[in-house]
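First chain A sits with chain B, and in the next complex the same chain sits with chain C.
Let's turn to the complex of A and B:
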């Protein structure tokens, strides 16, 4: 989609919703250097949402949508859960169909877009919770990776079923007492990042969303690697403050506490050899582009 | 009816000419060919300009699904792969259809049941996917034999459901099916059912359209809902997601959406009548005794009618082609003279008889049977026997009854 596609007929401009007018005026579709720093100075691709006050998932959504390298040609796939409350307010095409089938939907979608738009970039990004990714949808999560489907899978790991009221999930920590784990969860947190690596993902990161610059970096990397090489996986800690007994303002600290070197969300990354090569090439190009821009700027001011 | 008219007459990369669908189906020269039902499915798909086909092995559709893979290898289909289960496959089909592709898949029996959660989602998302259902048993103990019980589960999914009698039906209806289900005022998935083995694994003479002519491609921008390809403006779809809201507006939204799906099935009626030459076929419906059937039970009924004629019993026939849309008026009209309506079926519950009982006045006229199930065949003699017994005529002894 080019930005021209979202223009409004002059005659109809005043009756369009103000958030759509804002999208036309100041969204960052097509901006080469888009990132989390655009937040505040441009129209975000996410409108008001109905998540709980202070929910880290809402931060994650904003950073991710600000960081997608190519939102004008990105289709997102969600699943049932808290994320499905947000997607209706997201200004990129997105699909919700069933609970847990997100990687199957994305497989069909990516292939259809490849058939219909040969030679054009159409990124597909899955964003689902840990119940959808690891429990009910694990089969389809893994099989998409085995098949080397070229899209990014993002798991919002809040370590439980938040939307249904805090039940045990596979990514919950061992021993945590929750609904459906009345004596504490009896088995370890499923090690999906390691499984992702073994299943053929080319770029895997396990981290929190406490730092927007880090989220921006891993999103860009994951989307570029998926576009050119093969499946990528991001597991992002977005704690459910409600269900772990925290207050609205404590989400950020919870993430900071959980990303300490000995904790379960200490930054972990796996990059395959072809992905390393690609990311190095992209970094070199980026550097070149920035140097050229700088030179142009200094010439202009001289 | 077709997509953008400028496509007609041009060629695809395989050298097939995009042909006006009506001309393709009704005017192009037909060549008689002796094929299995599975091979016929392949030949129809060859002419269907499919973008994506997703396969999974389950008897008795595995051969057809694999043959379509050969079409992909030859370049007739945009993409093709084997999914990991029917649930996943039907979701993959949905993803491809959301992305604007013409999608084809096949399944059977337990596969249909495993995938079931997808079907109301397909309909609700207005995805005109075509799914061949080669019916087989879904009971336990494990059975792979012919049995049409799974169709009963499809009837309330919001899909179009058609029931083919022969391989010729199959060939024509695969192509016509896309024309109906892709209409903007329909835009619903189609479950095109047949009786497994009887149709898939037997050879029959089928009149094929020319292999160098094909349907025009699917145009996803004629869809009543946006295609998810970021080629049209993304806007937030709603201020609040309706899933969590317990209020009247939320209920009304869901209710009206469901009503719209069923209204779309109703709107498919006119297109189905146009393409299938009516939702039912009839023979001698002025007779007092009628057989009303769908699928291969129609063929067996036709043979039973021949046997009855030899004994001086005049019996008419109603072939039900579409189950959704349900030919309510047509069946009422066709059965208005009948004193006895027999509904032979290849399943234990008699779902077709129940539908007909709910449709016709004086439903005591409807005799739900004979039924066979679990893979049993339905010799015309047992239909004859059922009819004669009901009419108070002396009937021959059926094997195994010990009389």
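Let's turn to the complex of A and C:
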């Protein structure tokens, strides 16, 4: 599907709110090498949202939506949490699941899409918080990986239940005291990236969203590997600045501090052998395409 | 059994019953319903035109099925809707204000809905209250979303609702056509044109559409 298929009826164009007109005129649907650099020069697939000022999750959303390789044919599955406040403002098909059910819904959805649209690439991306992914939905998360379901799971890890006031979550770091967890976490952060690897995920990354180019790379890799090979998992640190006592301006620094080599969000990546091969092939094709485009451009200017 | 229930402008109450539950039936092909009573389509054109010409702020709400050019038929319907709106604008008297407000999609757009420029099926009352709309027509809205909106409008506002439905019609509208087509939309426009000047508009302040 390309954006040519979603035009506004000419006779009613003038009454459409400007955000829809902009989506049709200058969004990057159908653009082959879309990425975070399009932000600012094209219409983003996220409209104004209701997250807190300075929330790193909003940065993560923007980078992810700018980086999805195939947004017009992608369905995102969300779950209860701060992310569910954003999905109504997202111009990508999305489904809100019951708390924790997201990977089960995505499994059925992916299978149904491949039956319904056998000749077309349809990507499914789960995006949920750590409560939905690791606590309430851990069963569904793991079972989807065991079954080798071909979709990407993204966990926005803010290390607690943020929008209900700060309760302890499985991904909270040991010893952390939250507003609704005054005793402090007694055991270690669940090592979900390692569990994902052992459960059959072919591409696993643990990082923060401080660097848009890195987010773009891991999102593209994860979606491509999931499309061709099997499940992929991204754990992205999106700290809740309110719950950890930071100001709006301090989210980015918090992520930078947490991604230092000895910290818990130091960049970690696991790629299976088939995924490595696929990514190498894609990189080679990409290089070839860019070289051809460059040659074409130089011929045109000559 | 014929129901005694009538689908009338509200505000009925916070959670009005679905008209279907109250025994209101959908019209057969060639028929329409007015206030829940099956009527010949001819009569419905006249009544819809009269309601539009009487209203202080007659409004058309086109939905995604016509706002987006999914196919040639959708584009043609959009052209017919624009024609209907133009006719309505020509035929209303000074003091009346015809409006054309889109329902681009069905996402529950909290908290950003701008009632001046769009209507959302999850809180249609906001657009109706804001613009003081006292008669509206849904066209090109998927049935389940139209039913939801029509019920909310009946529950919380005094707006007269018309459904130009491409399927079997809507019990929850005060007046409903079925099998909507370009021809039917054009015919409604012609009826409005024909009745121009024969209907006395409600030029006093529209009855407050907010529920008390």
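In the analysis below, the second predicted complex is superposed on the first by the 299 of 302 C-alpha atoms of A that agree within 3 Å, B and C clash if a C-alpha of one lies under 4 Å from a C-alpha of the other, contacts with A are read in each partner's own complex, and residues count from 1 in each chain.
What we mean here is this: contacts are C-beta pairs under 8 Å (C-beta built on N, C-alpha and C of every residue); 3 or more make two chains touch, one makes a residue touch a chain.
Just so you know, these numbers come straight off a predicted model, no measurement behind them.
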item: Touched partner set for A:98, first chain B, second chain C, both or neither; value: first
item: Partner chain(s) touched by A:299 [first = chain B, second = chain C, both, neither]; value: neither
item: Which of chain B and chain C A:262 touches, first, second, both or neither; value: neither
item: Touched partner set for A:143, first chain B, second chain C, both or neither; value: first
item: First, second, both or neither for A:41, with chain B first and chain C second; value: neither
item: Chain B versus chain C as contact partner of A:50, first or second or both or neither; value: both
item: Which of chain B and chain C A:74 touches, first, second, both or neither; value: first
item: Chain touching more of chain A, residue-wise (chain B, chain C); value: B
item: First (chain B), second (chain C), both or neither touched by A:117; value: first
item: Shared chain A contacts, counted only where both chain B and chain C touch the same residue; value: 6, 17, 20, 47-48, 50, 88-89
item: Contact footprint of chain B on chain A as seen in their complex; value: 1, 5-6, 17, 19-20, 23, 47-48, 50, 72-75, 77, 84-85, 87-95, 97-98, 101, 104-117, 122, 139-140, 143, 147
item: Contact set on chain C toward chain A in their complex; value: 62, 66-69, 74-75, 78-79, 81-82, 100-102, 104, 107-112, 114, 117-118
item: Contact footprint of chain C on chain A as seen in their complex; value: 6-12, 15-17, 20, 47-48, 50, 88-89
item: Contact footprint of chain A on chain B as seen in their complex; value: 51-52, 54, 78-79, 81, 83-85, 87-89, 91-101, 103, 117-118, 121, 125, 226, 228-241, 243-244
